[in-house]
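Below are two complexes that have chain A in common, paired first with chain B and then with chain C.
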Partner chain A sequence: MAYTPQYYPGSTSVGINRRKHMSGNLEKLRDIPEADIVAIMGHRAPGADYPSTHPPLKEMGEPDCPIRQMVEPTPGAAAGDRVRYNQFADSVYFAPAIPYWRSYWAAINCRGCDPGTLSGRQIIEARERDLEAYTKKQMDSEMTDVALCSMRGCTVHGHSLRLEENGLQFDMLARTELGADGNVHYVKDQVGIPLDKKINVGKPMSEAEAKKRTTIFRFDGVPLSGTVGARKPDEALEATHHMWTLRSMWGFRPE
Partner chain B sequence: MAKLHSKKLFIKALNKKFGKDFDLAGQKVEYKRLGPEQSARKREFMEYAKKLEGKRGMTGYNPYVHAGGIPLGQRQLVPYKLSTTEYVVEGDDLHFVNNPAMQQMWDDIRRTIIVGLDMAHEVLEKRLGKEVTPETINNYLEILNHAMPGAAVVQEHMVETHPGLVDDCNVRVFTGDDNLADEIDDQYLIDINTLFPADQAETIKAAMGKTTWQAIHIPTVVVRSCDGGTTSRWSAMQLGMTFIDAYNMAAGEAAVADLAFAAKHAAVIQMSDMLPARRARGPNNPGGLSFGFMSDMVQTSRIKPQDPAYVSLNVVAAGSMLYDQIWLGSYMSGGVGFTQYATAAYTNDVLDDFSYYGVDYAVDKFGGFAKAKPTLEVAKELATEVTLYGLEQYEAFPTLFEDHFGGSQRAAVLAAASGITSAIATGNSQAGLAAWYLSMLVHKEAHGRLGFFGYDLQDQCGPTNVFSYQSDEGSPLEIRGANYPNYAMNVGHQGEYAGITSAAHAGRMDAFAINPLIKVCFANPYLVFDWGDIRKCFGQGGSREFRAAGERALVMPAL
Partner chain C sequence: MVTTSDTDTVQVEIVPSRFLTPKTAQHLLEEIYENGGIIRIMIHGPNLPRTVPYGPGRGTPIDENKDLLIRIGDQVLELTVKVGRIRLELEGDQYYTGLKAACERALPFSFQIKKGKFFPDRLTVSGYAKYGRVEDERLLGLTDPKAKKNKLAMLSDQKVTEN
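Up next is the complex of A and B:
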């Protein structure tokens, strides 16, 4: 019998969205040109060759190795690309993505990557051409709201801050701006170096849309367990309790 | 369901930080991007840096060199209110380099050694046939308080230290023998009966028996030049010389070796254990300081025992400063970031609010402090309720979220409140620790973020060590410390663990957490740092009202 991963408990929109992120079954909302994504990432000029750290694997005379025979190299690994990164900051004000779920998405769905999870940012490192493909998936999909999520290699401060009056997540380096046309434009790359041209990444989600697609439990959206004085545990909380109890008991091992 | 008490103690601090009439609940704001000029302290730094131009012969402080010339201050640079006090200081004032009270807190620990007197008295009486009486002890203590700061006895033509540089040095004795205490000159006595509530005094004396101990605080300037490992050596040398003088011994007779062995090893209580080679530090350095000892150093438990949350919060403050800002932040890492983590636990009344919410809830539900059984079910209920309450406050007050802008700050505060609540409710530190770890898991599940992964890792595997008593990983929280295997490198935990340790005993109204000698030693009213009100003392340091010991101005040209 084929196993179908369940990924995450709960019947709320947050539970459903978390399952979507983990499964990779994400809705595509926009189509940002690859060259624009490469420019925002800031690692190589769009159209430039990929810098490499070693020759293509086929030219390297790889040793006879069962693991190598089982695991097909990613395109970036096969070509000898260097390892680079993308990193996103997601606002607590109902951004669609949250750091752990970006990591779960990457770990489950992206080959050859190294996700890193922090509170205010989430980084994925991978061979450059692989990473560009992963980044495009992230930026094109419902994982991203262009106002509440932004690519920030450094100076990421913003996820927990109040939003700007125009609804954008605070950014000390002001890498994005809201245009008069209602679209969000990147004016700097992810480490804050000004871009040659503004890059239009589309319109922000409405507040209702962001709340519909978010993966964060909040008392003023989908709460994890009701509100003060009116608790109603979500299945996710019950599962958390279950794990905590088992971990505690395993450590004790009363036998 | 238990009653719910939401006092929102942090509102006052938020008003002080963001402005009196500010909309604390607004989710959007105009960022004025006023830069460092908006902060009095940053302006002071920039002005002082200008004075240094030319003098240093090279560039120095300039907040416009980073981030492509975009300096700090693109958001509002807000000050910090020391919890439960009226002190409001800049964040910079809470870095230990800028805060002499914080430095003194650590100096007061590392310059302290407790040395038993009974062993030395036995050597004098049984081996040498000398008489030891209250009179000889008083004479000994007079000589010792001359010698311990660095003055000569017995020896001719000996260099000495300037009394003005070492005036914080003192040695007092304490004893479980009331008859002896009555005979000791008041100036040399830490009087357990007057400093502690009667029930605590009786408990401490019962635990000590009729033993007698010296609370030795060597000069601050010595440990600032050397380190904590010096304290037992400095102390032992002066103790030996004083015994020779006070009891008319030959300098170097064989019995002196017994006295020296007692003073250096056999009768010594270090404030902290030495560390293994990979972290190579001697005793009396912060890495070997147990959470139980830290709990006992803080004196709030004898000053305000009826308020166990307040007691625990003061221990959290002391622990966060020492373990996070000084130990991990400087000994083990470096830089300035660790201060930001630590301050969240003792400023703006946030942890206070979350903790009192939990403790009130538990008292309503279980009928008082330390009334609940220390079970997983109790820890689960309390940690869940406190964590969800705290998360809701962050969400309802975006300025609060902004104040604790890092996930590690929020995680530490929520888990500490959960741990303190559970420990006070059960009187059991392990139940508090269990609640800490559940809080971390619930928080991560709610927001999908916690701290940085190295921070989170400790908490995600942490439940397995709560009730484990395997030798390398299990210990009661009281005897775990900064060098516990799983705690050794993660900010935002150790001070809170110390607070949870304290909470269990504060909930039980215990006189001490693990060691009555430590508790009495730090009750010495003549310590420079105020061990009864940690946060107030930090506020005084930040407000430039605190005068630390160990200053060298006396022997340097005036500025």
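Up next is the complex of A and C:
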């Protein structure tokens, strides 16, 4: 029987969603054109050639190394692309993803990338063409709700603040706006430079939908420790306690 | 000039569950102002910069944050923050019920309102270093002495000062 990795414990919807994020088995909710993703990232003009930092690996004459022979380079590494980044801020108001789960997703599912986890934002660095593919996966899938998550290369302030009146995550650079048609539009790239045209990224999730897809334990959603009066901790909490007990008392040695 | 009153003043904080657009903020402030009894009021929220402060786009104008004008009474103010919290001091407890009703009329979503102690009585050391001795004690707690710019808008029945 083929081995199925057991990524995360818990039987609540949050536990199930966390497993989905880690396994990469995510539902695709929208299809944003690649050119639009490239424009929002702002590293190169859509359609332009990829600038490179070194010649393609095949032309470089690599040393005789068993590791290099075993590991196939990613397309970006093979072509010698620059390393670039994307960065997302996810609202604490039931955004589908949170920085740790974006990082787990990237570390498990994306080759040749460097995920960085911060309290309110998450950055992924990779070769440019690889990164564009990863970014498209993130923005197309249920990891992203266009109202509660947005790509913010700088001035990310907003993840722990109250939402705007229209339900969007607060953004002091006003990179996204809610159109009259109910769709969210990017009007600036991730560092706040205005785009040539507005980019439609689709409709936001309803509050109920966001709560269904979230990976955030919250007292007013799925609480990690159960509801008041009926304390029944999620299995995730028990597993974490178990791990910490083992780690504290004997050193963590799963055998 | 310091406003004096025979009754004890009441300090109130209003926290809406969402950040307010300038339109809603104006509506709310108008309702609060019409209710009367205000000694001082402070609008609090995250800063709305006029240009991109960091990164490769530094210095790019942010048109969305410009000219956010609100009219209260016969005064026009320019908002420099996203309105997320309003603290005010009332002349007496008799204005509190009307204030709560004003918030219910103006805000289309839930909010918290509570009485408490929200303004300091004395200058801090950095406040004294910047302003020296302050004659009008209503100013205490309305400004951040460490801010690079003065962002003070004070409304009262007696006078309106704007810096």
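To be clear about the criterion, the second predicted complex is superposed on the first by the 243 of 255 C-alpha atoms of A that agree within 3 Å, B and C clash if a C-alpha of one lies under 4 Å from a C-alpha of the other, contacts with A are read in each partner's own complex, and residues count from 1 in each chain.
The definition used in the following text is that contacts are C-beta pairs under 8 Å (C-beta built on N, C-alpha and C of every residue); 3 or more make two chains touch, one makes a residue touch a chain.
Values in this document were obtained by computation on a predicted structure and should not be read as measured data.
With the C-alpha superposition on chain A as described, chain C and chain B clash in the combined arrangement. With both structures placed on the common chain, the touch criterion links A:A45 to neither chain B nor chain C. Looking at the shared chain after the overlay, A:G192 reaches both chain B and chain C. In the superposed pair of complexes, A:R231 makes contact with chain B only, with no contact to chain C.
In the superposition on chain A, A:H157 contacts both chain B and chain C.
Within the superposed three-chain model, A:T117 lies in touch with chain B and out of touch with chain C [touch as defined at top].
Within the superposed three-chain model, A:M172 lies in touch with chain B and with chain C [touch as defined at top].
Of the two partner chains placed around the shared chain by superposition, neither chain B nor chain C is touched by A:I16. More chain A residues lie in contact with B than with the other chain of the pair chain B and chain C.
In the superposition on chain A, A:W101 contacts chain B only, with no contact to chain C. Clashing C-alpha atoms with chain C appear in just one stretch of chain B from the list 1-9, 19-27 or 415-423: 19-27. Once the two complexes are overlaid on chain A, the chain A residues touched by chain B in the first and by chain C in the second are 154-155, 157, 161-165, 170, 172-174, 192-193. Considering their complex, residues 16-21, 24, 46-49, 52-57, 60, 62, 64-65, 82, 84, 108-109 of chain C touch chain A. Residues 1, 4, 6, 26-31, 67-68, 70, 74-75, 376, 380, 384-385, 388-389, 391-392, 395-396, 398-399, 401-402, 404-408, 410-411, 434, 437-438, 441-442, 444-453, 456, 461, 463-468, 474 of chain B are the ones touching chain A in the complex. The touching residues of chain A, when paired with chain C in their complex, are 42, 153-155, 157, 161-165, 170, 172-174, 177, 188-189, 191-194.
Of all residues in chain A, those touching chain B in their complex are 18, 92-93, 98-101, 116-120, 154-155, 157, 159-165, 167, 170, 172-174, 192-193, 215-220, 224-225, 227-229, 231, 236-237, 240-241, 243-245, 247-253.
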